[in-house]
Structures are given as C-alpha cells and as structure tokens.
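Quick notes on the structure that follows.
Chain IDs A, B, C and D follow the sequence of writing; residue 1 opens each chain.
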Amino acid sequence: MKKFINDPTHLTAELLEGMAMAYPQKIKLESEKLVCRAKPKSADKVALVTLGGSGHEPALQGWVGTGMLDISVVGDIFAAPGPPKVLEAFQKVKREAGILLVTLNHAGDVMSADMAKQMAEAEGITVKEIITTEEIRPSADEEGRGLGGCMLVYKIAGAAAEKGMTLDDVYRIGDKVNKNMATIAVLSEIATHPSTGGECGEMGEQEMEICAGQHGEGGGVRMDMKSSKDTAELLAGKVVEKLGLTKGDEILLMVNGSGKTTLMEMLITFRDAAKFFEAKGIKVVRGETGEFLTVQEAAGYQLIALKFDAETKALWDAPCDTPYYTVA
Amino acid sequence: MSTFDKSTLIRMLKQAEANIDTEHEALSKLDALTGDGDHGITIQRTMNAVGKALDDGMDKPLADLLKAVAMKVMMCDGGSTSPLLGSYFLGLASAATADELTAAQTAALFQAGLDNFSKTSKAKLGDKTMMDALLPATEALVQALHDGGDIPSAFSAASAAAAQGAEKTKDYVAKLGRARTMGQRAIGHYDPGAVSISHIFRGFAEAVN
Amino acid sequence: MKKFINDPTHLTAELLEGMAMAYPQKIKLESEKLVCRAKPKSADKVALVTLGGSGHEPALQGWVGTGMLDISVVGDIFAAPGPPKVLEAFQKVKREAGILLVTLNHAGDVMSADMAKQMAEAEGITVKEIITTEEIRPSADEEGRGLGGCMLVYKIAGAAAEKGMTLDDVYRIGDKVNKNMATIAVLSEIATHPSTGGECGEMGEQEMEICAGQHGEGGGVRMDMKSSKDTAELLAGKVVEKLGLTKGDEILLMVNGSGKTTLMEMLITFRDAAKFFEAKGIKVVRGETGEFLTVQEAAGYQLIALKFDAETKALWDAPCDTPYYTVA
Amino acid sequence: MSTFDKSTLIRMLKQAEANIDTEHEALSKLDALTGDGDHGITIQRTMNAVGKALDDGMDKPLADLLKAVAMKVMMCDGGSTSPLLGSYFLGLASAATADELTAAQTAALFQAGLDNFSKTSKAKLGDKTMMDALLPATEALVQALHDGGDIPSAFSAASAAAAQGAEKTKDYVAKLGRARTMGQRAIGHYDPGAVSISHIFRGFAEAVN
C-alpha cells in the first residue's frame, strides 16, 4: 500500500479536518465527527441528518450544505458511528419542524441509528427515518443494501426541506425516491483497507462481480470481465426490470465510480447505458458521471437510476451548494 | 474462588481485552472473507474502550461503572460491534444490583446482558452472528450457576459453549450483518463476531481459573 | 489492463458522446471533437477556446459552460488535436469581441495552436493566446509545462469574459493568473495508456517523483515515498519560493488528484499543505480538493496555488455552470 | 530508374507507411521511456492518413495531392507528430512545381519540406528530435543529387544519414518535446521521432532500389 497518509489511526480525523479547511464557506466540523453546515438552516425547516463510516469520500459528508444535508455523522473507516454521536447530532438540530434521518441499510448503521432514535425519543426529539435499500440483489426476495443512491435522497428530500415542506412531506418524498430508485454495483478490483493495508476479499485476474457490495464483502455473481457495453447493458437490463421501466418513462441516470475506474470508463459506460435505455424508449433526462460514493481504490462502478415524476424532477433541479455537489 | 464481585468482573474484562489484543489481526482477516475486513479493528477498539472505561471508573458502583463502559463502547465507531456490545453492557448495568453478587444474581446479570443485546441484534441462533456464541455461552453459564456450580467452572462451561457456538458458524449461511449477501458462499467461513465473543468468554474463564 | 471499455481505438469518441449525453443541458458535441456550450455565449463577449488531448478527464472539456470555456478542442488520448480542428473552433466562435486561446505548454499543443493561429489570422480572425507554463521545475531556469493550473485560467478569465470585459482585459487577467500561479506534481504510480495498455514509464516499489509531468514522462526528482505531511510540506515549500509568498498573502489552494490517489489522501494532503501555509501567515482563503486534471490511474497529485488579488479572487467566486465545475 | 515523378513518390510514401506499420509498437515503447508512450500510435495514425490521402487523391496534380496529404495529416490527432509532418508536407507541396521533376527540382522539393518543417519545429541539431534524422537525411539527399547521383543511390544515402542521425540521439539531452524535462536521464535512450524519420527514409530508399 503506497499512500499519501500520516498516522493510519488518524485518517478520518485528518480527512475531515482537510475538508473543513478546503470548504470553510460551506461546512464546519463540530465535536470532531459531526460535519455541519457553515450557515445553519433556519429553524422552521426540516433538518436532514445521515450517518455512516468514512472511507467513501466524497460521501457522505461531502454533501452537507444548502439544499442537501444539515449534518453528517461520520464514523471511522467503513464503521458506523456509535449511537451517542448520532444522538448529539439530533440534539444539535432538534426543532419543531422535525428531523429526517437517512440511514443506509448496513447492519452497523441501522443498529446505531435505531439506538440513537430511541435515545432521542426519550428526550422528546422526533425523528423520522428512511432506510435506503435500493440495491439490486441477485434474487428479488433478498433485501437490498443502501448504496450510492442515498445521494439522490439527500438531494431531493433536501430540496424539499429547503423549500419549507413539512416533515411528513419531506419523508414522503424521500421515501418515494428510495422506492423508485435502483443501484447495481459491479466490481473488478478490490479495495484495500487504508488503516490495515489488508485487501477486502479477493478477485481473479479476469473476473468481475455484479451485485457486489461496497467493500468487496461479496454476495454478488462472479463472471468473466466484459466490455463496457456488455456490462452496462447487463446492469441496465436489471434496472429496467426492478423499476418496471417502460416506454416514455423519464429517468435520472448516474454512473458512480468506485475509485480506481477512470472517468473515461465511466463516461463510456454512461453512453452505453443511456443508449440501452433510449433504445427502449426510456428517456434519460438527467445524468451524472463521476465519483460520488467511492470505496478507496476499488475498480468498478455503481449504476444508479431514479424513475422521475414531476415532483422529484423539479426538486432534483433545485439549487444546492455543498463541497461535492452544486447546482447553480 | 466462588464469589462474584466488581473486581472479579474487572479482571475478567481485562483478560478478555488482552485476548482480543492478541487476536485482532486474525479477526480482521476472517472479516475480509465474509465482510469488510475490519472486525479486528472494531472489536479491539471496543474492548480497549472497555478497558479505558474500567480504569477511569474503578471507584464507581458496579451499575454506574457498567453504564460508563456501555457509553464508552457506543462512543467508538465500531460498525456493528459498538451498538451490539453497547447494548450488552447496558443490559449488564441494568441488573448490577450490588457490587457483590450471589450466584443467582450473577446468572441474572449475564442473562440481562444477553436480553438487551438481543433487542438490538434481533438475530436468531444460526444466523451466523455474535449471537451464535453469546447465546449458548450465557445459557451454559446460567445453567451451571443454577446447578450449583462455582464461578470458575461456570465460566469454563460458558467459554466452552462459546467456542463450540463459534465453531458451528462455519456451517451457516448468514442471515444478518454484512455476510448476509454472500448466501451459500459464506459456508466454510467462521463468523468473526462469534469468534470474538468466544475469545471474550475464554478471557472470562481464564481470569477466574 | 482490466477496463470497462469497448474498442480501444474509439475511446475518445465514446467518452465525449457519454459526456454530451450526461450533460445535454450544459454542453453539446459538434463535428465530433469540438465540445461546445449547449447555449452559446452572446456574441458581444470574448470567447474562450482551449485544446488538448483526452485521457485527462474531466479536463479539459469538463469545463465548457457558462462562466468558463466556450469550446474545448479535444485530441485523442494524450495527443494534441491537429491544427485544422482548432481553426474550426475559431471559425465557430469568431466575433468582434475576439477570442482568447489558452494553450498548455506541451510541444504538440503549442505547435498545433501556433499553426491554427496563423491560419486564423490569414482569414482575418483575431486570436490572443496565453500559454500556461506554471509548472515548478527542479531548476528555476527551466521553462515549466502547463499542468492543472489551466483550470484557474479558464475559471477566472472565463468569469471576466462572462462579465463582458474586453479581450485586452480578459487576456491581462488570464496572463496574471498564469504568472501568479504554481503547480507542482508528485507521482507515485504510473498510468497505463488506455489504448495500448502500455505503461508510461516505470517507478520503484517505494519511490515517488516530484516535479513529475502528467504522463510519467519523467524529468522530476526521484526519492523515497514520504508521508502525506512530509510530501505536502516539501511541495508547498517550493510553491512559497516560486510565488514569493509572504505573511498576509491570500491564496487559492487546490489538490488535484491524478487518478488512483483517493480523495481521503487528497483531503489529508490539503490539511497538511494548508497548515504549512497558515503557519507562515499565508492565508488559504479558497480551496478545492478533487480530481480535475487526471492521468488515467496514475497515483499522485498536483498541488496548485494561486496568489490572489482582489480582482482574481472576485472572479474566482463568480458563478459558473459546467459539467465538472459549478459555482452557485 | 533515375527520374522522379508522382508515382515514385507515392510508392515511396507507401513503403514508408508499411515500415511504420511494422515498427509502431517498438516506437511506442521508446516513447514510454522518455515521453508519454504514444509515438507509435501517432506516427502510425499519421502515416495511415498519408496512405489514405494518396489513395483518395491519386489523380490530382502532385502539388494538390501533397496539400491534401498535409491536411489529412494535420486532421489526425498526432500530438507533436501531426503539426510537424503536416508542415513537412505543406513544404513539399509548395515546391511540387510539376508531376515529373528533374534531379535539381527533386532536391528543391525535399529542401522545401525541411524548411517548412523547421518553421514549426524550431529544433536545432542535437535537440533530440525528428530534426536529428530529417536534417542529415535531407542534406545527404540534396548533396547526392547535386553531385549527379541517381535517385536510388541518393535515397540510399539519405536513408543511411537518417539512420545515423537517429542513432546519435542516444547521446543527446532533449531540448524540445516531452523528453525535454528529463535532462541527463534522457541519455542512453533513442528519440522515437528521429527513429520514425529513419524508418520513413529507409522506406523511401527501399521503394526506389
């Protein structure tokens, strides 16, 4: 492992410090692992909170700012933050308008969020929670994990909150996004854990895995490495199936690189996937290609799609201003 | 020795911490096979938090001490490990009625730990989680104390049951945790969390024997 | 080389198509390799044109849009586009207000730009050119190449053009940026050429190179791999020297990842470099950390700094809206 | 054969293209040592553009044909190669006064190519560039034709001079092009562009001998 780091036990603290120093106009760091807006949202609007381990930069804390998240509670590398820190975030933004908590479906995050919510309720703080589960699994009866699609929930529910909608509405919209989106991951090279230098899993020279998780924890389907087009069509086909997309539907399509995969490959993939959808009469009306939720130097990407309706499309287009996602 | 008191429990937890310090690399390697490769880090971080909380809170009554341990555990970013063990220590704290406990009270203490752990965990036996070691260990402990066994032999029984439970996880498909999505491919691999619990109970037994 | 691509001879065409499909609200593709604004700038404003090979995504075409570039003339992988295509771009945006051409100092680009300018002049089209040379070289008498700092020229001169300033002013401001900025590259792992799969150069297991170029063409100084802090301080020290920075100066600091280096490492590097400047009383008033001008899966980064004055700082903050850089 | 006409030049360029098709991988490998590893790609792309323009424009007068070649060369993204060789062909075109040339006109043709190349290149001998092969090759050609040599022997002399020039680049520090920044470390490596030029002139000689 050849990396530009200092003490491997201080990676998270140092990277958060770096982000706060690079974007002081947008975010500030409080009590070490709470990334908060530099200018807090007015108290009459619903607050958005999320939680998750680090190591996935720019996710999740890169999206704190106007129009998206109010606080991201950051755990150490790939590790959910403990419940008391999540509670601290709730205490910081507690308000009449209420709090929407967005949790990605991973064991540690879900358990931490759950305990923190119970503690908050005991203090009279109301929190509504959306657990994102948009991952496409090899079999339809398996519950999906929460992958990069969380960003869409932050953006769209965040825009709703910024507009002053009620907690019920913000929840309804975020939940709709979760239900109308799908993410499918493909992995071709596995990440190393940046503190231990250990590989998270193993993978053959000419192998790739679809329905792979974020960290190489496996559970997907292994096959021979394919071209951009063949891979994109395989994944996009499963998205069409899961979301029941048909002619005339409008979608947002996102190619989210895992780390090592170059933007060149992601752009070619976007082209191949978009052509596949368009050939079926499904309109790709919005797109994003880049690194959103990464896993160190893993190679591969997540294909993320959201079936739009008028409400979600308008909120996707609403302005936002965060370190790693800005809409003018 | 046959009484169970605060200092015994402290010695037990310290020995458990020492075992985890020795084993953490192997535990991360196990987690790399079915999870994200960090369980050694999280369990070590968690047990070191336990050790630190014990050092800082020595003089507190047992219930308060265990509550402080739970808070410290939950404060560290331990992935699944920190809410699970945090719940366990909160459970212990809730039944720590005195600093010195009878055999029945000791059994109740560990039963309360398991009960509160279960609330957060929701795992069943065979789901390939910590539960597969913690549940049989606690049952063996409670049974032994109920049958009049002394503290050392009760913890030896618990340790043996935990080890056996962890061993069995090799044959399971995971129903919870990161390994859940591996399906059949998880078979043949130990669950790292269950193995950790077995090292912890082995530490308990070593401390009192 | 394990990559999600199709035909290795069509990489550039496909990636450009992908970018145009992902961001149709911002850019459009004309005559195959001219990336133009979706909504052209009004004719009374100075147009900004640049040129360069592909393989450095999101550079350079990722910054076409309001407030930055009007046209990016894209060559094939690491290869300058030929002069006629640059001429075509000039013909497309020719206007009374004039054209500013920004060329990165690399042999092929400079020769292509030069020939195209001569052809344009023969047709009565006026073009002013800035050749970016901000690279820090091991010895002060060597002329620097044009590295990631070009993005600062596009942003600031682009904002000046968008404000309706004259060609003379846009040129003056762009030239000032070029003279007041410095880029220094560090490389720890070398890229592969995505069409041939060949490695561009070689590098030892525990080696890194400073003053390295963009493609592994060498010419830097090799040394043992260092920590984030030691590397950042070494590079930042050379920036201080080159720009003659002193207490009270205000700078923009940018950490531009080369491809494989994780955002985690870049953020830690930003922290270490920023602390170094701050300790000298040099104020880091604006920051960016991410992948701007990459070189496939090379590991390493470019540390880029610009000494601000009131004019360049205000223009840096001006809004812009491009696929890969947006200011709200 | 001792006359020089359009069809001779076409045969020469086709043979040059064939040589580059054979050598392009080795040329990219050379460029990987001192540049960005793509010279084989760019020179092959350029020479294929030459071949294509020749096929498309066979029937044009020589001057127009060479202009078409130059445009096609400049249209391909050839890094440094495409403006340099584009200039070369524009230079050739400017001196292609007829479709059949005397020895003196042939000498003037190649001299004009070199002159226009130099305008774009600005390289001096010893700068470790294409110039190190092109300049001696052209000088040898002009000299041989001036001394009354026939076409085959003149191009053989040019080819030998190009090869020698390319060989010498091994001992140079680069003053221009991407290898410029390598300083002393460039010594021991051939300049890929100069090697390409030597393959091209070898093709010229092969075609007429």
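Everything below uses one rule, namely that a residue touches a chain if its C-beta (ideal position, glycine included) is under 8 Å from a C-beta of that chain, and two chains touch if they have at least 3 such contacts.
Values in this document were obtained by computation on a predicted structure and should not be read as measured data.
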| item | value |
| --- | --- |
| Contact-graph distance - origin chain A, target chain C | 1 |
| Centroid-based (C-alpha) most distant chain relative to chain D | B |
| Centre-to-centre distance between chain B and chain A (centres being mean Cα positions), rounded to whole Å | 32 |
| Gap in Å, rounded to a whole number, between the CA centres of chain D and chain A | 54 |
| Contacts with two or more other chains, residues of chain D listed in rising order | none |
| Numbers and ranges of chain A residues touching at least 2 other chains | none |
| Chain-level touch network, classified as line, ring, star, complete or other | line |
| Chain A-facing residues of chain C, complex | 2-6, 11, 14-19, 21-24, 54-55, 57-58, 66, 186, 188-189, 194, 205-206, 225, 227-229, 231-232, 253, 255, 259-272, 274-275, 284, 287-291, 294, 296-297, 299, 301, 319-321, 324, 326-328 |
| Chain B - residues contacting chain A, complex | 28-29, 32-38, 40-42, 45, 71, 73-84, 86-87, 120-121, 176-183, 185 |
| Residue ranges of chain C in contact with chain D within the complex | 12, 33, 53, 75-85, 106-108, 111-112, 114-115, 137-138, 142, 145, 193, 195-196, 198-201, 211, 213-220 |
